[in-house]
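Each chain gets a letter, A, B, C and D, in the order it is written, and its residues are counted from 1.
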Amino acid sequence: MAFLELRSLVKNFDGLRATDNFTLDIAEGSLNALVGPNGCGKSTLFNLITGVLTPDSGEIRFKGQNITRWPPHKIARLGIGRKFQVPAIFEELTVRENLIVAAKNKSQQEIIAEILAQINLTKDPDMLAGELAHGQKQWLEIGMLLAQAPSLILLDEPTAGMTGAETRATADLITRINRERGMTVLVIEHDMGFIEHLACPLHVMSKGQILKSGNFTEIRNDDEVKALYFGQTEAMANA
Amino acid sequence: MNELFPIILDVSSYILILVLVALGLMIVFGMMGVINMAHGELFMIGAYVMVALQDVGLPFWAGILLAPVIVGFLGLLIEAALIRHIYLRPLDTILATWGLSIALKQLVVLTFGPESQSVTLPVDGSLEIGAFSYPLYRLILMASSVLLIGATFWLFTRTDFGLMARAVIARPATAATLGIDTRRMYRWSFVIGTALAGLAGALVAPIISVDPQMGLGYLVPGFLSILVGGAGPLAGVLVGGAVVGGVNNLLAVWISPVAAMITVYVIAILIIRLKPEGIMGGRRAK
Amino acid sequence: MRNNLVALLIFAALAASPLVIGSYWTGQLTAYLVYGLLAISLSLVWGYGGILCFGQAMFFGIGGYIMAVLTKGMILPDLTSSYIGLLAAMAGAALFALALGYFLFAGRGISGAYLAIITLAITLVLERLMNNWYALGGYNGLLNVPPIKLTFFGASFELWDRLPTFYAVLGVVTVVYFGTSLLLKSAYGLKLTASRTHPDRLSSLGYSVLSIRLSVFALSAAIAGLAGAIFVTLDGFASPTLIGFTLSTEVLIWVAIGGKEMLLAAFLGAILTRTAESWLSEIFGNYWILILGLTFMVSVVLLPKGLLATPLEWLTKGKGKRSG
Amino acid sequence: MLDIHKLSAGYGEAMVLHDISCRIDPGQVTALMGRNGMGKTTLLKTIMGLIKARSGQIIFNGAPIEKQPTHLISRAGLGYVPQGREIFSDFTVAENLHLSQLGHNTGAVLPLEKIYDWFPILKERSEQRAGTFSGGQQQILAIARALIGKPSMLLLDEPTEGIQPSIVHEIGLQLRRIARETGLGILIVEQNVDMVRTLAEEVFFMENGAIQERCDIAALRQDDSLLHRYLSV
């Protein structure tokens, strides 16, 4: 039994198949990345896992429990945390207040200072979150995940809009979270530089399914994957 | 049979007027997402235009022509002075138009007094077929309502204006990138919506008592009709109006007006809660 | 800190006002304080909870009727204690809000414009119902509601006179105001802000947004019910107008003009608008309502945060800083 | 003819474009490449006035347009094919095209025959509801719709997204033909290298809200290290 099991998930929107018999196992304590072109169904997949959407068919099991069709807050309580693509922070609250809301129990609230240090926001905990720079908002959202302390975290494009240096620092932070806190991580990304830095198993998604799984070099040199990104004729010419 | 027939006609004429009022509301709501709480007052002003014209001695039919023009022009002013500034803040439009409705109501009280007024029937006769007899004006009223509803549907489904309007409803930003002036579309839709309210008010003026508080009695059922029918397709208004107006009038005859009003509101609330997209489906409002 | 200081000054000024304004106005001000309490309840649910309720008077009315029925001894002739009446009014309004809130918010809940229309329709239904509920007086309402009877350690006296009544009401309002402010500054207040601005995000952190909404709806209803219960003891009668549409929209106007996102502004909005109405309706006559409607409209468009909230915020928070 | 000078724009507090400057000559076909989230779509939307510019200038055919409303920008000669196509799926093909004619009633519009000549499939299915079209057909409709207003420049946002490879190539060739025939300038945001190589004459690479590099297509054909660097595939 894997930590998170996704079994034959199907989800349609107005005749468009967002996920198509999607199946994937995530082991406890692992770090995995999901890549794929726009519209391949990655964000839909996260919405299914977190209960924002319900699948048309298929099953989601987490820690051995069938969580398909559970409401989002119950899934969150079972230990799945999520970072949204557009930073979803409470802009009208301060940085510290955001972390307090995320931390549900006292022991987590005690480590807020520690989290602030980890996400590099020690200097302005009383600033309104809405006034942070874009990259800092992304970090604050990761900090909220740390405060929430789930056992599985889902990261949707955590480096969107970040500079190169910020991207590398984020990759390091995620690796540390995975190793030191033992949190299982599943990350969606476009930025292959970031993925390379993460050095983790990779799953390429296309048309709602896993097209290929492997490590960075294998994926990078795969012709089907190239075709997916570069266009068919080009890949064939190269091959 | 002879008792049932007038009831059916009464119910139908109420439904038709309700649909006319709701149609104006829905054009504004569907196009701009604006909840116009002053719509009932625009309806009332339509009726008061008839009162004023009767006082100066102009013929009834001149009023029917003038009322939509005057109320439509008022709509144009309201759009330019008020709605334009807040149409991106839908909840604030509820409040601001509520303020407007209070002000309009009081303006009418100041001008015409708080007491109710009446407009004389332009056609006094009755249609009599055998034992069956029904006031002629009510039949004219129904025919004109059907015509107006038909014309509005034609405008929105068969003309260039309607094509543009439906495009602006579906994808406002994309319509703009095709060169369509969305602001102008909003403005004229608002004017059409208000003119319809004014015309509806003018048409019913002879068969009801015209008073400054009459707007609310049509506003809330109008909204409920839209939500019950579904704010997406235009046809939703017909269904919603039929449900709300029909149940209300039939129960009013069979039980009592109070029980009718309570029952119809409760039914409407239940439908809206259980089927937020309305009976006819379509998108849910923002 | 400065926030509390300004509020304390305002409540101190209210406490001192009977010395200046005389007996008639003290009586008026007592009623305005109760309206202020109703405004606080609406500010809580609308400004902080993000639930635009077009029928806040229904809770006010329910509280009022419960108080009237109990203290008149219509249910249990031996149990006419004011304390029990007040508690029952709050509990009754809160329970009604819980049931209604569950109906409105559970599952694919209703929000925004739909909520406004539906709460408006519900309040119309309730008003019509009370008008025709003859056991509860129907259109005429219930007369001869006794004044509040305070009992301390066996000794008891009734609030007939203006001054004691005023101070008793002011005491209640002060406790509710500071209690609510305190609650809003706690973690509960943070959750409320979070559920208003980003409900999906909050549920992904493991909170049930439904229970947060229900709790604020019920709490607000309890405060409105308390206000209604006090109100019927001041006038001595409960009528369907308490539950209805007109009061619902009036309180909406006070709160919008004052500032829905600030308890103090909403509270003062009610008191100042009512005071202005008493004065200005004498000067302007029928034009006053016109002026009120236009003021409301203009303040929504130009000052969506409220006419009073803007200067108050400046006073309480200083420029550009956040007191937290 | 399209001259962007120190343009900054973004959503709410977050700035996506930072002091971006570039120039596109009449009749030139330019591709804008870069990873997701780098501001390409934002740039097109800002040009079309769908996002208001925070600072900087956009000069089109000699006139500043950054403060104009979208419909006037469109009428000034900028055609726009948005990401995801955004056709009106409840309308027929003919209605979709007619709608675009209505938007340009002040100026001359392209006769429908010309459109049908370029894209025969639209004529065959003119009475069909656009929502029943495949992705590729919808894309053709979106392009045709933008061309009706006789734009002097066409902005295309990822036209190949979610479309079958065979149709991608076909669309690329047809656009090239139209550009040569009419002198139409094109600015295309694209990830599909095949499309870019078929169509573009020059490529801009965008990163972090600014244009980092430009090169002509011949250079790109020889050496794709730039592709690897900016697309990181």
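Rule of thumb we're sticking to: a residue touches a chain if its C-beta (ideal position, glycine included) is under 8 Å from a C-beta of that chain, and two chains touch if they have at least 3 such contacts.
Model, not experiment: these values are computed from the prediction.
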item: Partner chains that subunit B and subunit C have in common; value: none
item: Centroid-based (C-alpha) most distant chain relative to subunit A; value: B
item: Chain centre separation (subunit A, subunit D; CA means) in Å; value: 31
item: Distance from the mean Cα position of subunit C to that of subunit A, given in whole angstrom; value: 44
item: Subunit C-subunit D separation of Cα centroids, rounded to whole Å; value: 55
item: Intercentroid distance (Cα basis), subunit B paired with subunit A, Å; value: 50
item: Subunit D residues counted as touching two or more neighbouring chains; value: none
item: Overlap residues in subunit B, where contacts from two or more other chains coincide; value: none
item: Contacts with 2+ other chains: residues of subunit A; value: none
item: Touch-based graph of the chains, sorted into line, ring, star, complete or other; value: ring
item: Interchain pairs in contact, sorted by label; value: A-C, A-D, B-C, B-D
item: Residue ranges of subunit D touching subunit B (in the complex, touch as defined); value: 48-50, 69-71, 74-75, 80, 82, 86, 88, 90-91, 95, 98-100, 102-104, 145-146, 149
item: Subunit A-touching residues of subunit C, taken from the complex the two chains share; value: 187, 190-191, 193-194, 197-198, 200-209, 322, 324
item: Residue ranges of subunit A in contact with subunit C within the complex; value: 50, 52, 71-73, 76-77, 81-82, 84, 88-94, 97, 100-102, 104, 126, 128, 144, 148
item: Parts of subunit C lying in touch with subunit B, wherever the complex brings them together; value: 52, 103-104, 108, 110, 112-114, 116-118, 120-122, 124-125, 128-129, 131-132, 245, 249, 252-253, 256, 286-287, 289-290, 292-298, 300-301, 304
item: Contacting residues of subunit D [partner subunit A, same complex]; value: 13-16, 35-37, 158, 160-162, 165, 168-169, 191-195, 197, 208, 231-233
